[in-house]
Each structure stands twice: as C-alpha cells, then as structure tokens.
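Next come two complexes, and both contain chain A; in the first it sits with chain B, in the second with chain C.
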Partner chain A sequence: MHYNFFIVNKIGLLIYERKFPGCAQLDSSDLIRFGATLSALHLLSAVVTPSGLKKSGLKIISSKFFKLCCFQSPTGVKFCLVSDSNTTDMEKLCKKAYQYYSDYVLKNPFYELDQQIRFEGFDREIEKLFAIKQ
Partner chain B sequence: MVYEFYIFNNVGNCLFYLNLRGATPDKNPQDKQKLIFGMLHTMKSMCKKFSPQAVSVSPFTSYVTDSYKLHILETSSGLNFVMFTHPDMMDQTHSLKWIYSTIYCTFVIRNPFYEPKKMITSVVFKQKLEEYLLTLAR
Partner chain C sequence: MKKSTIYDRNLKLRKEVSASSFYFLFSEIIQYSIRQDIHDLEKQLEELGIPLGARFLELIILREKGSKKETTIVNMLMLIKNNLWPLMFNKNNCVVEQHMDQENIYMIKEIEPNMCNQFASLPRGQCHMNCASFIAGIIEGLLTAAKFPAKVTAVFDDGEEAKAEEGEEKRTVYLIKFEDEVLVREAKSKKF
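So, the complex of A and B:
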C-alpha cells in the first residue's frame, strides 16, 4: 500500500507530489519543508559514511509505520515513494516513474526545467503505475 | 558486519564511539559526531511527521545506502544507540535492545564511578560491547 509519491529537484524544491488513500495529513508548508529536508539528508548521509567506504546517499528509510524509498537520478532529481513497511521492490517503481518523467515531462516542449509538474499525461501514468502494484 | 558504534544522549553529546573496521581514524571525530547527531535529529522529526498516530519516541529505525546501513534505537530517556553496518544486514533493533538492557545497564549504569552526561570510559564496557558486536555476523 502506497501513501505518497514525491519528486524533488536537485536544489531541494518539491516539483511533484501525489497522495494516495491512507496517507498522513500534511499541509503544503510541510511538503515544501519535506523536499528541502530530504535533499539535505541525502547529502548528509553521504558525508557521514564510515571512513574508507565509498560515499553514497541514502536509498531507503525504514520506520515502524512506513518505508521511504529515494531514488536519485544521475542529474540529481530525487524520486521518493512512501509506502507501508511490507512493500518490496520500491526502487523498481521509482525507476519506472523516472522513465515516465523523462517521457511525459522532459520531452514536453512546454516544460521549464526545475518547475512544478502539471501535466495530465504524467498524472495518468503515475496513477496507473501505483494503482496496479497495490 | 558492524563498522562503527555510537551512543548519543538527548542533547547531542557523543558519550561513546567504537570503530571496528580498523580504518584510518578521522582527523576530527567530533565534527563527524555532531553531523551524525544533527542528521539523525532531522530524520527522527521527519519520521514523526509522517506517522499516522502521535508517538512519544520517534519510530525511525534504520536507513540504507549503497555502502552502509545505519540502525538506531532511541530509548524513552533520550539515549540514542547508533550502529553503522554492512548494507545487507537485517533489522538490528533486537540486538540494540540487548546492548541497552544488558551491556549498557550492567557496565555503565550500575558502575558507581560513572558520571551521567559524560563520556563512557569503562574499559569493561568497551570490551564486552566489542565482543558482542563481533558476533553479529548477519
């Protein structure tokens, strides 16, 4: 069961968010803060890597009530999925969402980079992607 | 395979640090400890925000990256037990609870020479903890 899906750009701004039934109540300021917080945490988790190991940002955050998977594309755009604790293969879903992002958002000539995503086609594909897997 | 082990109190002071990898130590471990505590504090409050019901102690248990996994146990008194391990390691909440209830309580709390909020200097505690952490293969 999925709760939320977010896309955060490389400077920490939330450019897309999607709520599914059952998610926690978050207002718009919380969501903006979330985007910035997640970017910072991703960077910090690379910095605190034990000495001698390759620095890498966080992929999955586990807690008692949810699991957050964060997939970072090579350009720095982060695709975050918040689901319940038993979900597996979250990274595959995030990678599929990345594929849809490059097809429906980046290839759209009216889209300005790092701006909010407001396209019906993309919404439709995301809805289909996360509804099937539930 | 456990790489590092830290104990922080609720204010952010690092009470204990153990490095099991034998890699070259950092030039300034205090900076890294402050970074770790700050990051964990943010992570815990973010997880609290996302949980469906109001909780007193944050439900955040672990996170994974490509090169390591971080496990954390926060007690109701505000103590944070943090463990850096190999990324494939399973959930270690039970072993952190064991470390708190058995090793920490016996060798730190019951030690009459231990001053709260100061660094843990007990040699026996370090020994017992190292012994236990080396047995955590998976």
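So, the complex of A and C:
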C-alpha cells in the first residue's frame, strides 16, 4: 500500500505531491519542509559515505512502519515514494514515474522548468501506475 | 567492385522518425507561437501547416498515385485518408464522414487521440486550445493545392462516443468546409 509520492527538483523545491487513499493529508508548510529536508539529506548522505564505496546519495529509508525510496535522475530531480514496510520493487516504480515525467511534463509546451506540475495527463498516468501495483 | 551511390538507392524511402524528437520540436514550435501572440495559437499553427500540405500533395501524387490527378471530392478525401495519414503517422486510423445537414462540410474523425495533443495539455482550469490545428493546416494546404479550396478547423470531439472515455484524452475532428465553387464543379461534372 502506498502512502505518498513526491517529486523534488534539483534546488530542493517540491514540484509534485500525490497522496493515496488511506493517508492523512500533510499541510503545505510540512510539504515544503519535506522537499527541502529530503534534498539536504540526499546530499549529506553522499558526502558521509565511507571512502571506497560508491557515493550515490540516499536511496532507501526503512523502518517498522514505513519505507521511503528515493530515486535521483541524472539531472538531479528526485522521485520519492513512501509506502508501507513490505512493499518491494519501489525503485522500479520510481523509474517508471521518471519516464512519465519526461513524457508528460518535459514534452509539454506549457510547462516551465522547475515549476509546479499541474497537468491532467501526468496525474492520470501516475494514478494508473500506482493503482495497479497496490 | 562497384560501390552503390545515392543514385542507386530506391526513391521510395520509408524512414521513420522517433516520436520523442517530434514531440520536442513541436513543443518548441508551440512555445515560439505563444511568444509571438498568445491568443492566436491555433491560427499560427494552421499557417505553419499550409505550405507543408502543398508539399505533401506533390509527394503523394508522385510516389503513390502515379502522377494522376484526383477530381472528385470523395476521391480527394480518400487520398487524405489512405495516403496522407499513413505517411504522417504510419497508421490508417481515421474515418471520413459527411455532415448530416450541410452538404459542403465533411468531417475526418480520429479513432485514437492524436500525437499533437498527447503531451500538450494546458494546466487545469484553462480553456482548451487544440494543437491539432497544425494538422488541420496541413490538410487545408493539401486541398488548396489540389484546387479544392476549403477551410479546415480542428475541434475536439464532443459527440456521444467521446463521452464514454472520460478519463482519456479527447479525440479531434477535422471539419472541412469546401467553398461553393467546388460544389458547383462537382454538380456540373455529375451531369455528364
């Protein structure tokens, strides 16, 4: 069961958020804080990995109650999925969402880069993607 | 050992272009048109398509029709359906119909939502501009060059079949309104 899906751009602004049924709504200041915290954590974790290991940044946070998976595209846009602890294959879902982002958002002439995403086509595809996997 | 030059290759090239490159280029065309004049987007896209239509006509007649001219409205529309659509989209998925009340209006209906509109959606709440006006311009250019002067507009399909798919993208209908001289000519040629 999925709780939330976020997209954070490379400067730390939250550009897309999606809440799935069964999850409490976060208020807008919390959401902004989440975006900034996530990108900061991602950067810090790349810095503090011991030398000798590959520095890729934050990938998964798992606990007894939830699992958070963060996938960073080569351009710095982070796709972050929060679900319950026994979900597998989260990175694959995030990668699929990245594909839809590059289609419905980047090829859309009415989208300005690094702004909020408010498009029906993208919403529809994200809904379809996460609904099937539930 | 004779090397094959470009002159030996078949004239009938069947090259395919990647859809993504078309989408990026088209998205940039729309952004350019918006910068010129935001309210007249559809008209600008039509004007861009008109010279293309004339060139398509030459290409189709040379390649596929053996340089024969079409003289009736029905044959011309069949040329658009059977030759132009596969040339542009590699698929033959449109239906040609005549308008019920008015004799000079024909409609080309799409079966699937078309590629111009697939990713170009306006933010929620804004009025809908149809980016398939580009293709309407191509059709208009083709008909005008074939001496069937007409006005072609692209509208979203609001009919009963379209309502069944609420969540999907809307399909487009191209309304082709022929000028009077075309109908007069048709009527005269039918007399003989």
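Throughout what follows, the second predicted complex is superposed on the first by the 132 of 134 C-alpha atoms of A that agree within 3 Å, B and C clash if a C-alpha of one lies under 4 Å from a C-alpha of the other, contacts with A are read in each partner's own complex, and residues count from 1 in each chain.
The criterion applied here is as follows: contacts are C-beta pairs under 8 Å (C-beta built on N, C-alpha and C of every residue); 3 or more make two chains touch, one makes a residue touch a chain.
It should be emphasised that the depicted structure is a prediction, and the values quoted were computed from it without experimental measurement.
J.: Looking at the overlay, does A:63 come into contact with chain B only (first), chain C only (second), both, or neither?
T.: first
J.: Taking the superposition on A as described, I'd like to know which of chain B and chain C A:54 touches: first, second, both or neither.
T.: After superposing on A, A:54 lies in contact with chain B but is clear of chain C.
J.: Who does A:120 touch here: chain B (first), chain C (second), both, or neither?
T.: Second partner only.
J.: Does chain B (first) or chain C (second) touch A:108, or do both, or does neither?
T.: So A:108 only meets chain C here.
J.: Looking at chain A, does chain B or chain C touch a larger number of its residues?
T.: It is B that touches the greater number of chain A residues.
J.: Using the touch definition from the top, list the residues of chain A that touch chain B in their complex.
T.: Touching chain B from chain A are residues 3, 24, 26, 30, 34, 37-38, 40-41, 44-66, 68, 82.
J.: Going by the contact rule set out above, which residues of chain A touch chain C in the complex?
T.: 103-104, 107-110, 118-121, 124
J.: Sort out for me which residues of chain B touch chain A in the complex.
T.: 3-4, 19, 21, 23-26, 32, 35-36, 38-39, 42-43, 46-47, 49-52, 58-68, 70, 84, 91
J.: Under the touch definition given earlier, write down the residues of chain C that touch chain A in their complex.
T.: Against chain A, chain C makes touches at 20, 23-24, 26-28, 30-31, 34, 118-124, 167, 169.
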